[in-house]
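What follows is chain A paired twice: with chain B in the first complex and chain C in the second.
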Partner chain A sequence: MSTLTTTRTDDRSADGRRARRTAEAAGVGWKLLLLKIIVLGLLNAASVYAAMVLFFNERWLIGTLVVVSGAFLTWIYFQRGALPAKYLAPGVVFLLIFQVFVILYSGYVAFTNYGTGHNSTKDHAIHAIMLQTQDRVPDSPTYQLTVVERSGELGFAVTTEAGEVLLGSAETPLDDVRGAVVEDDRVVQVPDHEVLSFAELVDRQQELTTLAVPLSDDPNAGALRTQDGQRAYVYTSRFVYDEAADTLTNTQSGETYTDGGEGAFVTAAGDQLMPGWRVNVGLDNFVRAITEESIRGPLLYVTAWTFAFAFLSVATTFILGLFLAIVFNDPRMKSRKYYRLIMILPYAFPGFLSALVWAGMMNQEFGFINNVLFGGASIPWLSDPWLAKLSILIVNLWLGFPYMFLVCTGALQSIPEELTEAAQMDGARPFQAFRQIKFPLLLVSIAPLLISSFAFNFNNFNLVYMLTGGGPRDIEAGINVGSTDILISMVYKVAFVGSQSDYGLASAFSILIFFIVGTISVIAFRRTRALEELN
Partner chain B sequence: MTVNTGRFTTMTALLGLGALALTSCGSGGDSPDAEAADPAETETTEAETTESEAEETEDGDSESGEAAASGSLTIWADANRAEVLADVAEDFESDTGISVEIVQQDFEEIRDQFVSQVPTGEGPDIAVGAHDWLGVLVNNGVVAPVELGDTAGDFEEIAVDAWTYEGQTYGLPYSIENIALLRNTELAPEAPADFDAMIQMGEEAGTEYPFLVGLTPNESDPYHLYPFQTSFGAPVFGTDEDGSYDSSQLTMADAGGEEFAGWLAEQGEAGVLNLNIDGDLAQESFNGGNSPFFLTGPWNVTGAQEAGIDVAVDPIPAAGDQDAQPFAGVQGFFLSSQSENVVAASNFLINYVGTAEVQTALYETGGRAPALTESFDQALSEDEIVAGFGEVGAEAVPMPAIPEMGAVWDDWGSSQAAIIKGDGDPVELWQKMSQDITSAID
Partner chain C sequence: MALSQRTLTPRQPTSDPVTRGTPTPRAPTRLRSFRRWFSQTGWRHLVGVAVVIFAAFPLVYVFSASLNPGGTLITANTLFGNLSLQSYVDLFNRPQQPFAAWYVNTLFIGFSASAGSVMLGALAAYAFSRMRFTGRRFGLITILLVQMFPQLLAMVAIFLLMLSIGEIFPAIGLNSQIGLIMVYLGGALGVNTYLMYGFFNTIPVSIDEAARIDGAGHARIFFTIILPLVSPILAVVALLSLVATLSEFVIASVLLRDPEKQTLAVGLYQFISQETSQNWSVFAAGAVLAAIIPVALFLALQRYIVSGLVAGSVK
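Here is the complex of A and B:
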């Protein structure tokens, strides 16, 4: 690690010097100017193209942002001076896209009802409801369809099983037509009308698929519609949308659904019509997380376990890591290098893989631990609520101690031996010397790492997901939360497991987690400052 | 404070270095804008690839000739399906002039990707999926009904039933998948008549296990145990007159279900149902000849055959006094509700994918019984294994598609696990489960 950093530092200063030189030469170097023009030209061409595509798709905001940021970047690089901006601009762009935007977006989602059933806009919801409630009239025949056109208006020419030829359009109900030519049960020619080819159909498919030709003057008889342009069927619409009143009316029951303000059409009695749409719900998700009994109960339990898990994980790994570091730091220990190498192995394996292997080893009946280490005992490592918690901690200890071992070794080696010697001269016993001299010095450099390790374990999703999946579940609780679920795995379940996703609630939880971890880190960092004053 | 300042300089240095690398790289300028084209998609990189591919198709459609139709279709399919569809798409393109872009996706990813991409307008026109996604897809308003018309009769009844949700048909089915009983013909020469006969035959065979089924320690596996449950006359939901599930009638809460719970506890105690044998272990044991019977799906047949086991596929033996009906999963193609190419897409589905030729081709790469009756009969006559699964499948019931199934599976599985483990009175546990499920559905 240390050699790597040195090379990087050297590179940096070398690059810095080179950059400064080129910057100075930029005023006269026409080659550089040309390069600059080409690169920025490409950038601007790309952003203008992207903006055009976006504007055509009516994405005004993003399109404008693309243009503005393209222009801004160009301005930066044609500035004289402004060297820091030139270096930082590309990084800042990526930072904005991949970090800031993502954070703001999940923050925004926490204030919406985004989730299953509230997935899109109101227009999309109405469109989908209308599509899903076109009921084909039972036992109605299939009409062989020819699409015709007269003065820009589309019409349907169909043949019936009885051999009649009927013609109609959106305005005029189906009626007999004279003089039409029929081949193989399909109309091929209609007087005064032009028959559309398949290619023409495809060009006008949106118009075609929304076209409904009434069967007769009675609207309840239904209307002919087509999906593929070749066959038409009789449908009745279960719902009618009244744009002016913004209501949906069920044509069969006569019930009226209005926009209830919560992202769905509801009847007066409170029956919801799905799909709904995404709306802003303010603090509802946070209020639900705290007040709704079915969520609050598990939330408290899970929060307590998350704290216990994170704290115990850090404590156990630190104690074991420190102990081993001290042991292997002793010069009397032979072949320390090889032992150290072996120690680091658990750290070198991918964590999720180790968790899976451990899950296999902890199988109650066939696992290595029960079969070999406990001589065929049947210990329910992963299916007893308390043993599962213990198992998680054991596996995390195995995964986490090499890291602590590494950092403690490093920190111990940086503490001058003279201090210990001096303490011993003053008559301190070895443990006393360690506890009162070395340990506080060690904490100065290790404490921030312990805090970050706490934050990491607080959100240690991989381990929980791969080892126990959060289980075993308490079947007495009415919600799918297991006894080893930590907050982040619970959030995952709320958002993605099963088929009722609730992204809004999950985002609200994430924000709560962020505040918890943030608060703890700030407090802890404040306290470690006291340690630094020891220096 | 020294520590902090030090870190700050390092950070700045690294940032600066990164920035330098980017500026010197030349093309660094246009990539942020390409990404910025749609920040809404930055959550997943996968979504971005799809989206850019989709955009390419939209741009590329202007080249089509004058006589041919313009327009393009985007289809999401998994690797196996994409291969077959590529050939069909070529035919479609040369017949109609409509270009078809097939975007390969992971099957498991398609449902959620579809739900999140369709509203943005970047979703496909057609996607491949399983019928039990319908509840989620319909409730999110992202699928459009497909009118099969008279062709509906050409498909196996269960296939069309499965793709029917609240009275509308939402997909063109292509394959039917279900579990059946695999038998090692060396260890058990004949198919068992019922569950007890099977266990007896298994014990007589003298193998380590009389019978295998993959379960999990904490969630059991209600899907694999469902045929036994139905044999006690306890289907999960009742059905309306049109044959679709009615989630307000939780029929498994009735007496049959309680009888089944008692049976589970008995089998758990006898060690016949063992929660610690998961799917992998069960497969390994069966392939190693450690049991004559294995309740599983077609996905484990190839492995067993490769291990040198002579496999026969039998109907699932009933544990109760009624028929053992497994769940069937039906795969199919569905339409996006935001598709702007409905005419082209439904033509492609009904006139191309719905043909016997394509259904057979899909069967040959996927190995599941085809949904189209003509191809189904042909496949059954050609292959004994497929015939075995197909015959069981013809008696199967579609897996319920209501979105609440997620909650149902959770409660169902953990309660079964508790009963098999013997954690309390089976009937009480079953009743508790029924109450939880009822309250989750409401």
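Here is the complex of A and C:
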């Protein structure tokens, strides 16, 4: 408190400035300072640890980035000034990684063939292909085998006929090992590894018989495999990889596969060898979406339905909500509070549960609506392409009208009653007064909410996916898509549902949604600003 | 007043009050007063009853189904034909579907993410509302823009990012709840800051100035003076983001793989898609329990939410 007078008397002098700084520091308090030091210490410890792990895994760029950002954050909190940065930094860090970066990353993935069969690098693909097609070498020497384990990963410890002791796993080729204890030509102890007992071998038999430990870095050298966990033999692949020519040759059929440039080895005839690997395919995903009839058709259909669904949802909920707001905005009416309490229940009930419950009620054979309301009729609410669309709109009306009712009530009550009275004095009929005076005013305050409601419904994944799953499925489409799918549920299905994932194509669709949503919001906000200026 | 209220009703209901009202032609005064009552407020009650039935029916239905032990979809159609809590007991004895774990996970993820986003949002809103700095306008516009692109649009990229983080740091990568919370926090600024910013602006700056003259630093002003004053908006944002997290399906389903790590939204969806109509009453019991917390919070904080929703547009 003593600093107070100093600050006031000579604010401009150097002393005054120093005093103010002291006051500022005193205001923070030592507890906060301690907290600050602890939090920043933990942050730095975490970032240094993370960077070390990253460097160890040879992720140099990301590791460096982690260290630099850690240092930058520390600097922000330990210098004077740049006050806004201190308040914005925590949110911005998360925003940058999990919102901005992932959007840019979507853009990158859209230009790759990332997906099932194209998950990894070319080296991994070559190894995987050669592992899939291995045969035992007829005159293979027998290796006395001991199966070992290190942090969950199985490995082979073997003795050769020459008496060498070798150790390797799926990831690391066989190599000499020191400090192993050998009894009767068999390894019984390996440093840092646990030897598996017979019971453990039986438990993990599946894993064991598929394990192949490469003999060396050269994929053509072959690998050790075992059937019984006691003896291992050399297996070699039917394929031979020629590193200089970058080709795989099938030694049995004699066919040669070359890198086709599209992330897979192909024969001259065009047969592909799977798995492939991840490559940049340029605009391929976009070109496919536009030119391939089996994708273009559903894409256009789904886009049109997404617009129709979002528009009709906003329109129906707004009309019902506004109507109810007008009906219940009469002070003479009794017990409005109780009506209102029950009416907002659909808004409070978690959306995904509502959709699941409605899906049960609309079930064609057993559902409440068919069995009780329609006396045993068999109306295909969710399996007919058009009725399913109607059902979605009905359920969304149920979900959305309470919100519109609440905001319309709020907006109506904020419009002064005198305006209507003045209009009527001027001879306007009641409906005219509402239509031309109150409604435009209401729209000014509600319009931004209508736009965000449109944007919300444009991506209303939960409702569509939980109610109909996007179905009934369109059998002719080349991708897994149905007649109530909206764009976002199509992205989800292409990327994550079923056995074939196509992250590249799914990301290309996401980019399309980005452009649509962006365009709509720009146009919409221009329009609303224009609306506001009018009044 | 009466006239002006009538103007709010665009159309009168077409049903004739005489046919509905008590048919006593010998009592014209009573009839006339009923007519007046009906045309003024009575028909509003009719609308109200209809809407209440529409709004409450699915909820009554699911509650009744949950009290029907061993019930399938078809036996649930007799409302309240059977009253027993057996389904609620069964719900917790299904090793394939660990409902209790889902519940705890959902609450843990929901409360952490919601507390985190309120904190991040409040810090940012304070900066935007109280400080003038280069890039402030740009920041506000960026946040408004980011708000337009919900995180689920980038679900593929989020999945791939978490996949590669998980290869090096399994604790925060794929199949980790901490990782999921971090992803949700990424959406915090975009969703909450604007709503909070508007509310922060309604707190007079003179309060800050008075505190500063009394020697309080920026941190003390923020934590001990501003935060208590803006608590209504904090409650609204906390609740909205809690409810949003509780029913978030896309990212949770993509990131959480083990059944015992999943949330209610993911678990109950898989429950229903595996068993369809077989164990409808058990599902209904799960739905009732899952809905209790959000509905209770919503009803308790109703007044704040409504004013928050309206403030978002009007103020």
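Before moving on, here are some points about what is shown:
The rule we apply is simple: the second predicted complex is superposed on the first by the 390 of 535 C-alpha atoms of A that agree within 3 Å, B and C clash if a C-alpha of one lies under 4 Å from a C-alpha of the other, contacts with A are read in each partner's own complex, and residues count from 1 in each chain.
The rule is short, and it goes like this: contacts are C-beta pairs under 8 Å (C-beta built on N, C-alpha and C of every residue); 3 or more make two chains touch, one makes a residue touch a chain.
This structure is a prediction, so every number in the text was calculated from the model and none was measured.
When both complexes are overlaid on chain A, the residue A:Gln205 reaches chain B alone and has no touch with chain C. Of the two partner chains, neither chain B nor chain C is touched by A:Asn280. In the superposition on chain A, A:Gln252 makes contact with neither chain B nor chain C.
Applying the stated contact rule after C-alpha superposition, one finds that A:Thr420 touches chain C and leaves chain B untouched. In the superposed pair of complexes, A:Gln79 makes contact with neither chain B nor chain C.
When the two complexes are overlaid on their common chain A, residue A:Leu382 makes contact with chain B while staying clear of chain C. Contact with chain C, but none with chain B, is seen for A:Ile344 once the two complexes are overlaid on the shared chain.
In the superposed model, A:Arg332 makes contact with chain C only, not with chain B. Once the two complexes are laid over each other on the shared chain, residue contacts for A:Ala433 go to chain C alone; chain B is not touched.
Comparing the two complexes, residues 8, 50, 53-54, 57, 59, 87-88, 90-91, 94, 97-98, 101-102, 105, 363, 365-366, 445, 448, 469, 496 of chain A contact chain B in one case and chain C in the other. If you check the complex, the residues on chain A that touch chain B are 8-9, 11-12, 15-16, 19, 39-40, 42-43, 45-47, 50, 53-54, 57, 59, 62, 65-66, 69-70, 73, 86-91, 93-94, 97-98, 101-102, 105, 116-117, 119-121, 124-125, 127-129, 131-132, 134-136, 142, 198-203, 205-206, 208-209, 227-231, 233, 274-275, 363-366, 380, 382-383, 445, 448, 468-469, 471-473, 475-476, 478, 480, 482, 496-500, 532, 535. Listing the residues of chain B that touch chain A in their complex gives 1-3, 13-20, 22-23, 26-30, 32-40, 42-43, 55, 67-71, 96-98, 112, 115-116, 118-119, 121, 133, 135-136, 138-142, 144-147, 149-150, 166-168, 217-219, 274-278, 281, 337-338, 340-344, 346-347, 350-351, 403-407, 409-411, 414-415, 417-418, 421, 429, 432-433, 436, 439-440.
Here chain A touches chain C in the complex through residues 1, 3-4, 7-8, 23-29, 32, 50, 53-54, 57, 59, 83-84, 87-88, 90-92, 94-95, 97-103, 105-106, 109, 114, 323-324, 326-334, 339, 341-354, 356-361, 363, 365-368, 371-372, 398, 402-403, 406-407, 410-412, 414, 417, 420-421, 424, 430-431, 433-434, 438, 445-446, 448-449, 455, 459, 461-462, 465-466, 469, 488, 491-492, 495-496, 503, 506-507, 510, 513-514, 517-518, 521, going by the rule given at the top. Interface residues of chain C, counted against chain A in their complex, comprise 2-10, 40-41, 44-45, 47-48, 51-52, 54-56, 58-59, 61-62, 65, 72-74, 76-77, 119-121, 123-124, 126-127, 131, 133, 136, 139, 145-146, 148-161, 168-169, 182-183, 185-190, 193, 213-222, 243, 246-247, 249-250, 253-254, 265, 268-269, 272-273, 277, 280, 283-284, 287, 290-291, 294-295, 298-299, 302, 306-307, 309-310, 312-314.
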